[in-house]
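Two complexes come next, and they have one chain in common, chain A, joined by chain B in the first and chain C in the second.
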Partner chain A sequence: MKLFSPIPICVGVIAGFVACCLLGRASSQKNIYKNFQRLHPFLEQETSYYPTASQLVAVARAQCPPSAGRKLVILGGNSVFNGSGQKHGELWSRALQEELGDRYQVVNFSAPGAGLVDNGGVIFECLAREYPQALFVTNTEPGYYPAGNRSAYSYLFWDAYYKGLLPSDARREKRLANEKETPGSRELKLGRRMNSALYFNDLWTDVSYRYVSTVWTSWLKERSFRPRRRLPDWYDKRPPVVAEESEFQQMLPGHLDALRHRHALSTERYQQNGVGAWVQTEESLHQDEAQIADLLPEPLPHRSLVVFTPYNPWFLAHLTDAERTRVELGFSNGGLLLEKAGYHVLSTFDRGFVPEDFGDTVHLSPAGGRRLAHLVAESIRSMPEPNQVALTR
Partner chain B sequence: MKTALRILFSLVIGIVIGAFFHYVLYKISVSGEPFIYFAF
Partner chain C sequence: MIFTTYWFFAFAAILFPLYWLLPWGRARLGLLLVGCAIFHGHFAGAAGVIPIVVLAVATYLAGRSGRSSWCIATIILCVASLGIYKYSPFFVGSAVGLFDPQLAAKCALWIRQALPASPPLAISFFTFEFVHYLYDVRKGRMRITSPVDFALFTIFFPSLVAGPIKRCGDFLPALHRGVAAVATADVAIGLSRVAIGFAKKVLISDNLATVINYYAPHFTQQSLGTRWLLFAAIAFRILLDFSGYSDIAIGLARMFGITLPENFRWPYLASSLQEFWQRWHISLSTWIRDYIYIPLGGSRHGVARKIVNGFIVFALCGLWHGAAWNFIVWGIFHGAGLAVCGNYRLLLGRTGAQIGAFLDRFPPLSWALTTGYVWLGWLLFFYPLPQAYKMAASLFSR
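Up next is the complex of A and B:
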């Protein structure tokens, strides 16, 4: 007896595939994350988990419904803003929310190693029209200003781009059209273009979060297949940060070497002038300016606050005078360039941070997080009300 | 009756295969080498 009939099988294949596409599309519209606080390592690509732009947009909408009358504050930036080392109860963005009060809603989309407009910047762009009062707050360090499509989190940019979630921007279109493609970038873009029609990333990321994860990662090992919602914030299970000199001492020389390799200190970016003073080279200033121009389309820079987060003064004291001068110069020039491009800037280089505010060279202890939250809240409150902006889509 | 069951069974198998194709697209889009930025 024949077990199968070919035509019903073909009909079933098409029906199953289309049903998954529709389920993925439906899934992309709703917030799947319970009590979302940040993209901790089990909710981002460090453990092969890639939330889509639609899913993060849904998080922001759920936490700050347009009808709630609160001002949406979207956080972007790197591991410093991600609260690396801070347990979720100590998270600096919670302190920021407390400082700002009920009139604001803080949503933290920062991620380890992210550039200035990665993740948070992409979601801010997606929601800028729907939330005309929304603000974007992000952090970086001098000399590191990659555009959303040129960083480790570019998948999210392309996801939003192909889904038509980003405001149209002729300048960006021209730039993207002229950028060289590699086989890797072509593949990434093809995947995200296909996802914008078929929603496979949206559906199976949802399944990974709620039911079963299907990607093995060396970080999670045997826990790789647990639904991500069952995995607690990774930092909650870590030993508390010990912000003491003896701990910093143990980080030498590795962390000091790493600090010396940061853009802010790079000797390639600076030179000594005729009287021996350090200045940033014209070439690197132009490069920085060009990169800054590619970050966000107008008029969004005017609704954005860029925070230059501090370096641990204990490690700074171990640098040479010339290196410290370059750091100061980098912070100062970075601030000027961003302000020139329309961004609001908060430099925390010389704002009273002490070694106890840090867990290492740049990441903040809970106390440092609270200090940062206070400074950022002050800056946010002093930002002018954003005007109604004319964004096209 | 047997024919109806066979069609139903074939349809279910087809749906499973269709869902699997959809899943495969996700699977090949996920990087095998995760980006690691270990801070603490």
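Up next is the complex of A and C:
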């Protein structure tokens, strides 16, 4: 009966709480993701799973120990770089690793719907000082340059920010101080600030990965409570990508409409000048420039390669001439603005991609992935050796 | 859910240790009041706090005066405020919509523009507590003189959002006992209760809600077994959500040393509808009994009046849960069930007595009938009538 008297219960609660915090802290410092290939849907927020910045940093450290002498290549970006539709063995980032060889270690932190500095960009910032030779390779499309705290994966930015993992940057601090908060953003930031002291997110993510998950999700249904480590890469169980015209024909109405709504084609960003030629509006150019300036602190843009991933030419052929002109303009202007800000740029527009390289409008088939890997590897090899610039923390 | 926000965790992590460490009862009382005001201000915002402060001041002054006319006027003010903030778009839309749907849409839009985007936080709970207080003052049962006591009765944060609905005759003695001394036993019991509440709410109910939201649109296309499982999931989801919330509220109050009334007592074990309402949301059902049903005449004026009173009371009970027809239909459904349950022995004569005797002899059958009826009611509670009917019908067809 003594066990159930008040004092042992109160002491037990306090001891349990402290133990959980310590366990969470411990789990934030080790690599729990064995054989990590990418953040497939069972390892990211689409299935209510939120790996923390410390845990992803630990993945990069485990895959590329500083002592190994390899050059760390961190991939960020969206579902195209995530290899949406490609099975584990067909993953484009594996092909990139093969192209680059043993001197490099590719770690893929891209995720569906992510902006160009989400996830991978955050981890690159965390590791930039520890790995002065590390490179960051990401993808986006013209006109879409959200800062790490303004996108769907902002939780990871704030996790790293409050844990003190990001290099200090006066410009960013000023920007963050002036940003308007919403109840949702306040709650997110408070949660991540608390996690930086108590490590409950790190503990939950670890327990969910290794032992039992506590959240039902429609992706997993009856397998929802299984430890995530037991679940194979989601795409491995999906039907293979069929890069055929008949498939594209079925997708045409919806996907063409979606293509027309992409930033690169948005009519709000372009106007016709006096001679009827399409030009990007001054306002949208300034907006793009301002957004690009907020992406990564100096000198990290000089160690970063931004890839404008291609659109399926089969769908592009269904656009009007004016729409195609706007796409081309978006790619060229985006490239110029990023280069002006110090980024290396690879535009894959008109780089030989054919309809068979795609599974839909933008996502690549295994063949397209290999073509992309080849182009990206060439660009990485041609990047100058990054200078060892001191970053403050 | 307010109790699962990070803000609340941070708030509780500061407030509780401070409360326990303060050596004086009066200081604890003051701290509790400040904490409750911060909580209410944070979650309700200015638009939510101002109407409640106005109603609270009016209620306090009417109570202090002890004058019956002032109490009645303030009761009307409270009920009218609830009606305007929570029900006016629904009532105006429904009434005008009978004659001119376009005009109804215009009226609803106009009301929405005139009122805040959402009603003041917990206005239903505030109204019920104010009405109870003023009614009891009018009957000469009590009067709160201390503004601090009244303020704490009004905005005591553990029960502010989803009850239990407090009675000041029970709450104030519990408050003063609680702040007088911190007892480790209270803290331990409260912590355990809070943990149980969170487990019910976050681990089970929230997951059930996701499952239900995913399958409910295709309910009738599921296999018969899955349909029954979902039917049970709907029933357990609301029980665990609501009782989990009550557990957290009761546990938090207990951590201050304050005992709140129980709100749920294993309601799905009830073997009659009357018993179900003695076990489900007890603070609401007893409030409705004491402040609507009995003043309406209760069962004192014959069977017909008793049945009519039951229907009125349960329609209002349904409406209290939300401004929509499905809640009213749910309330009437329970009113009908109780009318049958409570009167069939009398109205059906010998046959009724035989049925009653048979059910008394087989309690599992009474339990199954009650549970089935209550669970079918949840379909009406959550879904529009045609969808609820389809779902219910599909439970009995292949």
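Here, the second predicted complex is superposed on the first by the 390 of 393 C-alpha atoms of A that agree within 3 Å, B and C clash if a C-alpha of one lies under 4 Å from a C-alpha of the other, contacts with A are read in each partner's own complex, and residues count from 1 in each chain.
Convention: a residue touches a chain if its C-beta (ideal position, glycine included) is under 8 Å from a C-beta of that chain, and two chains touch if they have at least 3 such contacts.
The structure presented is a predicted model; accordingly, all values stated were derived computationally and were not measured.
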| task | Look at A:Y50 in the shared chain and tell me whether it touches chain B only, chain C only, both, or neither; answer first, second, both or neither. | result | first
| query | Touch check for A:A152: first (chain B), second (chain C), both, or neither? | reply | first
| message | Quick check for you: in the superposed arrangement, does A:G85 touch first (chain B), second (chain C), both or neither? | response | first
| task | State whether chain B or chain C is in contact with more residues of chain A in the superposed arrangement. | result | B
| said: Taking the superposition on A as described, I'd like to know which of chain B and chain C A:R238 touches: first, second, both or neither. | reply: first
| query | After superposition on the shared chain, which partner residues are touched by A:T217: those of chain B (first), chain C (second), both, or neither? | reply | both
| query | First (chain B), second (chain C), both or neither: which does A:V13 touch? | reply | both
| message | By the touch definition at the top of the document, which applies to A:N201: first (chain B), second (chain C), both, or neither? | response | first
| task | Applying the touch criterion given at the start, work out whether A:C21 contacts chain B, chain C, both or neither, answering first, second, both or neither. | result | first
| Touching both chain C and chain B, counted on chain A across the two superposed complexes | 5-7, 9-10, 13, 191, 194, 214-215, 217
| task | Sort out for me which residues of chain B touch chain A in the complex. | result | 2, 6-23, 25-32, 34-37, 39-40
| said: For a test of understanding, state which residues of chain A touch chain B in their complex under the given definition. | reply: 1-21, 24, 45-48, 50, 79, 84-85, 112-113, 152, 191-192, 194-195, 198, 200-201, 203-205, 214-215, 217, 219, 235, 238, 241, 359-360, 363
| query | Which part of chain C faces chain A closely enough to touch in the complex? | reply | 5-7, 9-10, 183-185, 187-189, 191-192, 203, 207, 210-211, 214
| request: Would you tell me which residues of chain A are touching chain C in their complex? | output: 5-7, 9-10, 13, 186-187, 190-191, 194, 214-218, 224
